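My questions all concern the structure below.
The first chain written gets the first letter, and so on, giving A, B, C and D; residue counts start at 1 in each chain.
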Amino acid sequence: MTIRRGRGVAAINYPTGMNLGGDPTQALVHSTPTGNFMVTLSSVDLGQGMKQIMAQICAETIGVPTDRVVVDTADTDTGPHCMGTFASRGTHRAGNAVIQAAREARQVMLEVAAEELEVNASDLETDGQGNILVKGAPQKSISIFDVALSAHFKRGRSISGRGMFLIPRSYPEKETGAMKPSTCYAHACTVAEVEVDDETGEVTVLTVKNVFEIGRALNPKMVEQQLVGGSWMGISHALYETTEPYYPNRDHGGTDFNQYLMPGPGDLAETEIIVLERPSADGPYGAKGPGEMCANPQIPAVANAVFDAVGVRIDTLPITPERILRALKAQAN
Amino acid sequence: MELRKSYFADVRKDDLHEIGQGRPRLDSPGHVTGKTAFFADRNFPGMLHLKMVRSPHHHARIRSIDTSEAEKHPGVVKVLTARDVPHNVYTILILIQIGPEDETVLADGKVRWKGEAVVAVLAETERAAKEAAAKVKVDYEVLPAVFDMEEALKPGAPIVNEYHGQNYYLYDSGECRKVRFGDVEAGFAGADHVLEQSYQSSPIEHAPTETTGCVVMPEGNDRFTCYTNTQAMFFTLDNTSIILQMPGSKLHFVGGTVGGGFGGKVDVIVEPIAILGAKLTGRPVSFIYSREEEMQISSPRAAEKVVIKDGVMKDGRIIARKVTGYTDAGAYSRHSPYGAQKGAGHYPGPYTIPNVWIDTYCVYTNRTPSSAMRGFGVTIGDFALEVQMDKLARLIGMDPLEFRFINAYRDGDMKAHRQPTEGAALIECMQEASRAANWPVAEKYMAMSSYKKEA
Amino acid sequence: MAKVPVQFTLNGSEKAEFVDSGTTLLNALRDKIGDTSPKGGCQQGTCGACSVIVDGELRLSCLTLAETCNGAAITTTSGLAEGGVLHPLQRAFLDTFATQCGFCTPGMIMAAKVLLDHTPNPSREDVVEALSGNICRCTGYEPIIQAVLTAARANSQSAA
Amino acid sequence: MALALQTFPTVRDANAALKVAGTRYLGGGTLVVRAANEGDVAVSGLVRSTDPALSAVEIADGRVRIGASVTMAAIARHAELGALAKAARAVGGPAVRNMATVGGNLFAPAPYGDFAVALLALDAMVSTDDGELPVETFLGGRDNSRAIVTSVSFALPKDDGFRFLKVSRIKPKGVSVLSIAVVLEQAGNGTISSARIALGCMADRPVRARAAEKALLGKTLDPNGIAAALGAAGEGTSPITDPIASAWYRAEVLPVHLGRLLLS
């Protein structure tokens, strides 16, 4: 038995959004009588954390702590339109809509505060803790709690805002293909290190070192969740996954989690994640969509590492032990 | 995970309060206590269970359907066939004017893939629905099927889907989406080396732990509340409105808490037929995919074939790249015409290449319709591109990482689809990877910048 | 249809229902008793989302018939928190960001609880083995492994 | 019709109830409840027996008798069955092992049934109310077997006499690419005096590798000594093709893994 070691690299970019279809999302924000904020959407949380991120974006924009924000999604009777959660668009599109709605609400909030404090709204700022202060004179302040009460019961104002973010549809030019398929791009570079058993074709991914550039890590802990899980899925795609193992032959498609193969908790590569942030011009606080991109670079990096280890190219996914063994035998002949 | 704040510090202000903070997730307490309400956690008295009778053949004409025994089966409340569906032929992307309508909610006269829905059975229990489904008699005339994309594109191949008339999607640009930039043939002629390679994948399942499904409640006011795990609320609502010829005001969709999606829950598949069942019976209806259905019936990531031909110079510059991509849509379009075209906008990858030719095809075969998945239109292309990059580097005897620096796109570079590059960061990712992986590259590459002004 | 009685304790309280003979424990818990914390991810015994603890042993409730559990003591994730205070495992899953979509989480916590009940100071290998029947598609498992190890450390510290 | 379960205190009464068409025996549930859940409407009734003998493990005079309802978890933690623990732990994850039974494993189609591979190498006897059969005979006729398996019995192997390997693509739990169980006896000079090798996934049910067994006799456990056995390992097998691996792959790596197991 010989265990051979190799490493491979891959570098990629990934588009945010589905510009080729037109790409709108809308949001509504309003305050409750005691100065909590409700974000109403019809965007879907698939587990990536849409609700939490929209709360943080709204909180940042209004100027309150995140726990003062409640996200109500996704109910078509109350939530305004969203195209959906796909194409790495959720945070980018819905986030921009929430920012716009929250800005409008913030403006009303500052106007009410200005009336209460008898200053100009433009002279006010928030402290992020739930208070509105006069710039340069922070002793002169009012709580957002009191501002909301005033708006509701005294001034008759609605502290609310509407947000809409639309990327107009890009139609590819027929002959040249000139088009604007995306708004901004996330980036990644992955180096994978593998061991290949040259008698069985079995691959062990030892390490993956992933560098991702994602615009802005809005919530670094949640970014980490996605990137770690995505890196696992990329390795899974590279080595395991197919619903048609003998494609294009349709036979022997897996029907359960025993037959549909994915790495188990005993198959995990040592995974390193490094994040760079080059804020995008059009993203919410500079964010891009990293959710899909993070599962892509491991696939070619592993493929290239397998070649580096045993000198055979597997250009068909997944890179199964059988494909490697067949290639090794062909190489030996 | 580490945030490397030293990169791009000059264009980023880190002065935010809530953004950039690793706040705890507000949904997690519900997850760890089992209190989070997924759609299937709603159980209504009198709820019916919907089970689908599916085609055992890859391609067949339906001579007749006999549901009489199934209808008599104890516990069965309703059996639905194509004629019960008001607008049975649909396509999801018609909402953004990408037609033609090419797919049946319930098969009408023909099945085009093994597993296609033919008859829906609604019964008091899952068991009764399954037993009754087994009693539906469908008389099929089996037709020749085609599974291989190249075979499907040959003249004389069996036509998979008559609504298209040929086994590829017809774009306004013709049989494929095209990108033309520079003169690719001149590029090949002037190249030191030309390398043409072919890459292939097979379908991949999203495999969310929660299967696709919905629970429908007919409300007292002639409206229907649909608890769903769709990834796109209004996409589903609006398509349902078309399929059922029902005003959107009658439909109320509640979702947004989904047990994993990864693109697998963007098709409008379970909701229209479940709502129709609720309408025709006046009862709540549950239609939840079994794991087998999730694995083999729900849309997978398309199989793709990618052929890349590159012209490269000894000094490492790629001067011409021609990509021909084939997306195996299966029997129906769903989102695949979009994915193939998204691929055209993605090639030739994050590299600046002066001469580019791209053709991407969306091909129909007699297999489970494919659709979107995490990395839609890009994932397999990136596999092909980046293995090709490795081969090119080795072909000219260059370090694979250094070879990428030479070709990496930077701000202002014109892309093949004629958009100037903005916000590039590939070089910095590679520089950091070089450090993290202890994969040294020449100092001149470590000094490069995506801003296109050398440090 | 023949109804059969099922009677067991669920998270310490007595439950008695009549169900169709052949009803799985998963369906009895979810549809009859109203505990939806066990999830039906496959009904094949291959995903672990339906895992519950029956008389101290981890079981797949989708493959267990409810009527075979008469007299048993059943624990589900919904019963772990006491008086609104989260179980150390639940706390650890929050602190290590080990949940994403959350669908696998109740089953994972059940598998982890049985492990820690028998092996208070598990090795990483013990944790990996204990979770090996449970599928997660979001996290890549590492955060869940870390959550279980974190909970074990918290337990041993509070016991010390 | 609902899937009615009938419970009987004796195996005899359960056997009688099993004669009704569509009735299946409920062991741990991992096979038959799954089949019903997946829509196998041919399963219309379930029968089980609560006879305590089915859950007993008896060890006497170097022989062990394991009741058919004994679970994989119970075997894996049994103090005196340490030699078999590896094979028992090869089945499923922890929850499956708490449910899956010895009796049920005899009926599990490839790629399942790893414990049955061990029983085949151990030359176990399978007991029903109709009598005892060698496990190999039983496995050959299992598709038509209607009588409830009550127990399996075999001579306990010496500590180092039993070797077991399950090759899986997923760790630590995944179904088999193949599994191999080997029972060896060595003479004083180290040469092999007796060998039984059983293979999983090399047919639709566990099979013996008789040619390889024969080729080991009189040989020593070193690369030269086992070479002929490895060459003959696949004789008479017809490996399955499934989503895990093709027949070609299984046949190719069988000698590799058998060699590693023998030299381990």
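In this text, contacts are C-beta pairs under 8 Å (C-beta built on N, C-alpha and C of every residue); 3 or more make two chains touch, one makes a residue touch a chain.
Given the structure is predicted, the values throughout are model-derived calculations rather than measurements.
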Relative to chain B, chain with the most remote C-alpha centre: D
Between C-D and A-D, the pair with more C-beta contacts: C-D
Length of the line joining the C-alpha centres of chain A and chain D, rounded to whole Å: 47
Cα-centroid distance, chain A relative to chain C, in whole angstrom: 30
Chain centre separation (chain A, chain B; CA means) in Å: 17
Two or more partner chains touched - positions in chain D: 1-3, 38, 172-173
Shared interface positions of chain B, touching two or more other chains: 24-25, 27, 125, 127, 207, 258-260, 262, 290-292
Multi-chain contact sites of chain A, meaning residues that touch two or more partners: 46-47, 49, 221-222, 224, 228, 230, 233, 245, 253-254, 256-258, 260, 262, 264-266
Complex contacts: residues of chain A adjacent to chain B: 7-15, 18, 20-22, 42-47, 49-52, 55-57, 59-60, 63, 65-66, 71, 73-77, 79, 81-87, 128, 169, 172, 174-182, 184-185, 187-191, 209, 211-213, 215-224, 227-228, 230, 233, 237-238, 241-245, 247-250, 253-257, 260, 262, 272-281, 285-286, 291-293, 295-297, 299-301, 303-304, 307, 313, 315-318
Chain D residues touching chain B - in the complex, by the definition given at the top: 1-3, 38-39, 41
Residues of chain D touching chain C in the complex: 1-5, 26, 28-30, 33-34, 36-38, 46, 48, 73, 92-96, 98-99, 172-173
Interface residues, chain A side, partner chain D - complex: 1, 199-202, 240, 245-246, 252-254, 258-267, 321-322, 325
Chain D residues within the chain A interface of the complex: 169-175, 241-246, 248-249, 252-253, 256-257, 260
